[in-house]
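Here come two complexes built around chain A, the first alongside chain B, the second alongside chain C.
And then the complex of A and B:
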């Protein structure tokens, strides 16, 4: 390669070099740049990329590389696409890329300065880094546990390579001795504490919400998730082959599992620069869009059901059945699972199936338009959605929200559009964006995306090239090669990061579900609404409970965050002096 | 003695027949929602019987009030039905069949509902209970003013007398005040029956069944039956005052059948309202609705005062 030529991402690196000493630059897949900095420079580097150059925090991977180089490593992966706060605040397509900021943490001194103080979006990742690997983020505002249960032993960090003998498990703590999880509780006159969960009744998923209400109005909220952490990332390490990985990744989610499987397998493929046949790419896209069809219809239906409009819910579910039938046609199962393998696909589509599929798409489109029109004409339904659960644009920017959640707040942020993958370069489609910031806008985004999905599937069916669906290149896994893969799941951008190990096994797999980036902003969406809207707001975010909880107070102006302890708040509300929020 | 017999007779008959209309409403609702729904009209009977066979459970923190509330609710609903001069309307005047008796029984029912839900210790039930009282605050003025207009027109609060006067044509829809009052009363009746979009207190998705959240088994079955009875009582009050015509069928038994058919039609037809649209919010959608209904009832009162 010619060093003189400007390569992708050089503009960012040159700007960074003015202030920060960059130790190393590498490009594993061409558009994924890794820059290594000293751990002391980490917060400033991430901040410059995030706020000054228009990056969004896509994932952060803490890794135990002691057997490779004697250190722990942190990878902050940023998607460089422009701040998007205004219409022209966006990078041109040729400059969009991934920049991963890498820092070594010596094994003898496992700590690093917290990025969260400068970039609030990192808060969840840094908490998880402590839970999983015992890496301490100095100055991280929230000291609570994230993933692991409250009675987990203090000195056991499961993602360390030497941490767990699998015939050894920490003893369960007696129920009476379980430590209490500290919910943030605002003090005040006549506040009711309404616990929602641990099993959320409308989502039927585990998540414990605390709503602090004055009468019917929610003053604040706190939540604890991760009740069903299954330790999948640990399970994958050194144990599973790549043929098994797809099946494991599918089990991350019951609805958008296909997107996870594809992202996981594509991360493995990208790390060794493996091209898959175009036909296989197109089939992967078709399956993902089918998943979006049934997931969005589920969500729109639930958004009606939660407000008591059972009639609309039932009719949307009737139409949803067509998408399940389509899935069965294309993938052989109602849930599109079990199809992705490294190098391509397992199952091809016949011309007969395509013809039947096109008919189904036509039926779905007509009926969907009819039902949506009826829902929109219903003033009582629209008034329940409008102005509810406002996601402030600055909050969305600070926390790197993804999916319909952020597109409903006027950000043109879609990973299919920012970082096109697979067959997407051959397909025409519009990114659905709405400006309302409320539930109404988010449901409109979903409806528009349904029509776009139908159009994408139709285009794939029509222009899909013939040929093989699996590559016969005999590529070998390169130990320690890593890459991230992105795709737009129904709920937003999924990021999977894979580092290969030796012996054709995974060394480190980091799976970041879309909702992981959406949870922290939920608290801001709750405030000022009524209990009647609580379930609706959670529903409009379309949560996947494979995520976590974190609560920080963020001042959107100074972009700094601070966590209030229980006693801080208590003291302040008793005396009303020395506001704990003054200095942030 | 005969009157007591007919009172008990009509309560038992309505209590037995009411679940049938609920079953019809459910089948119709399922058809409107393009789903299959219950196999026939008798599903509500099967549900109540099934629930009734189950044992009782109560939260540890609940008191005797919670335990006895379902019976109390059922008894109050039955007492309201007994006060309707359905079968004994033509026999003689009874002091018990009085508008005030009914209004206070309805308020008592609401009170029991609220206290039982707060006593259950479930915060959602408490929110549901407080919503129920808030609904009362909005609905009761409409209810009282509408009934006041009728009472002033008839010069009595005795239902038997009012019913006779309407049947004889002394009071009726030719009086504008009466006609307008019937509109606002119809609204109040629908809200009191606790159906979508006014089912704020029992909102399953918002409050996890709200007031009934902590009831299960036989208690839940009785509470549900009581709620159906209450709905019939509210419809019955409307029919007694505003639609008492029974096509010349004076025999108590035939009158009861006519009443059941009329109430059933109202009960089932309400599906066409409750099936569509989203639930109102207490302080936005519901409040503006209540204000409109209140102004209608005030118009009725003004019409009476100016004497048109």
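And then the complex of A and C:
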């Protein structure tokens, strides 16, 4: 009995049992607990875990398991770490774990009660579950399409196993017949509807924003993303081997690709309980931290550029070049791609490379401190960041935001700290937390993390054990075994969930990038700010893009519209002079 | 103002490239370089390539084996380098992979002569792969007689080998009086 009580996660399960009938509990691997409940109990179970016991929604995986057990399945994965609304509101390290709530959805009646009504963080996941598998969340407040385009056939759900060939694409609908996407629209007199997009300015990624403005102030916002949905999950489960999958996962993101590759491969490894050599673990960490270095410097640079501080931008990018050089040194390419494989790493680091790497780290650290000091002394820069794009603490809690975004709002939430993976148990570091909730706080978090990253890489270089970098255990894939892997990418926690299939192929791969959890709360960050700060707010969330190609301004009252060019908006963001909205 | 001082302090941050060569780190993973002379047509690279940038296929006339590399598909992972037994494909330092106007210029090919089966006279592998095997036999110290004997075997196509083995087995049992 005593032994049973000591198992990780039992305190949560016992509390749940008081109110909810738990059908099954399984642990696979040990710290990832799956509890099965009836679909009717789903919202209450997730709510209890989320709000009563301090869980955060990490991912939700809708799955088509009809060929295994005749049902669809939903997996709500919660990271149990404490609510963190105050300093003592945190679970002790030994109680932190993952709890996955699983519910079967009969194939004949593919619907379930929506969790979003009780836990707002689930909104995007449930919208996606409908798009991909046709599972209807009853009572979902916002049942619009999320991932697929508006002209996608109504009865075709691509992630169903029998739905379609991976390379089949339905014919596009004529532009005139395309259904209109309904943007959420606030009511009121004199509101101006400002569309931002379809292409965002700095990083050439598509996303369409509608900003509803009263004069210059943003009242509300809505956005439509996923214009470039590539169908990677489907692609991987149909034809890729595990050797190829890591290379595909890397292509999820152009900046934090390495974090995705590691998370994907580690999920596959954890599902079959494969331990990789310590040296390989350390090299994985080094590469991830290098990625964080160049990503955060890019972001701080852009946050300066968007507000017109081109000089600082240039300096930060000059320093960023050292991190690219470091990446080239330890991984053979300016991007750290192509190194992770199931069982370890493909490329070792030599002593000579370590020596050179340490020198580069030293240069980076001194110069970074200099530039940051100069930027902080610049009042006009700091005033553009302070008080802008407030991410309210309650909003952050409700939507399970991740990364510097939530750490800037005073939450000590970092998956390296909450659920240490790989070599992190051997390394000392501090979680960077700022209380300001604004752009200024988030940039401070990034700066502190840069210094932490430099220290982590240094520690890894110094203490990483010698030995093999790839395991020689000949482990077999176990069909239907599943696990999730977490990973702190520069933008926050990445979660990959893998269920193995037969024939050494993947059955279901669910990739949840960090920004996916940050988007739903962006709407609240926009409110009350000016149009000139819109680009900066998006930038501070670091979604890989931060300005717009073209903006159309529509005055709802007079029905007049004006198209702003990329440079118009950028100039206005930078100088704050000659408002482009004045003459409409 | 401090930032301007810094500019003066650190001077020029840019490289002279493209007017001077850009030095890459040792062990840089650049474009895979192909050495035609070393290639034996074993297709290991084509099997390993995760993005199908490398392909080894018969040409249309079916008289040559064509090694084909499309740089536009390459992800520079270096799997080809890892598996190549002769070092014919090895990652180089070259990062300048752009071509002008014509996408076809991204494609590199190498044609290899084929070996016909000694029994049925149908092409089944490359001459170089056979030569590579024989060279290995010499290296492990086989005598000339042994090699000559084995050479016939390795110059036989898989189909003929299968038929021969079946023939042998059937013959064996037939002699032994099992098959009647």
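A few notes on this one:
The working rule: the second predicted complex is superposed on the first by the 532 of 584 C-alpha atoms of A that agree within 3 Å, B and C clash if a C-alpha of one lies under 4 Å from a C-alpha of the other, contacts with A are read in each partner's own complex, and residues count from 1 in each chain.
We take it that a contact is a pair of C-beta atoms (placed from the backbone, for glycine too) under 8 Å apart; a residue touches a chain by one contact, two chains touch by 3 or more.
Being a predicted model, the structure only gives us computed values, none of them experimental.
After superposition onto chain A, the partners chain B and chain C occupy separate space and fit alongside each other. Contacts of A:311 after superposition: both chain B and chain C are touched. In the superposition on chain A, contact is made by A:367 with chain C only, not with chain B.
Of the two partner chains, chain C is the only one touched by A:337; chain B is not. Of the two partner chains, chain C is the only one that A:321 touches; chain B does not reach it. After overlaying the two complexes on the shared chain, residue contacts for A:532 are found with chain B alone; chain C is out of touch.
With chain A used as the common frame, the shortest Cα distance separating chain B from chain C works out to 5 Å. The contact surfaces that chain B and chain C form on chain A in the two complexes overlap at residues 311, 315, 318.
Residue ranges of chain C in contact with chain A, taken from their complex: 2-4, 6-7, 10, 13, 24-25, 27-29, 50-51, 75-79, 82, 91.
If you check the complex, the residues on chain A that touch chain C are 243-244, 247-248, 311-312, 315, 318, 321, 325, 328-329, 332-333, 337-338, 346-347, 353, 367, 370-371, 373-375, 377. Those residues of chain B that touch chain A in the shared complex are 32-35, 123-124, 126-127, 131, 196-197, 199-200, 203-208, 275-285.
Residues 192-195, 201-202, 213, 216, 304-311, 314-315, 318, 378, 380-381, 383-384, 530-535 of chain A are the ones touching chain B in the complex.
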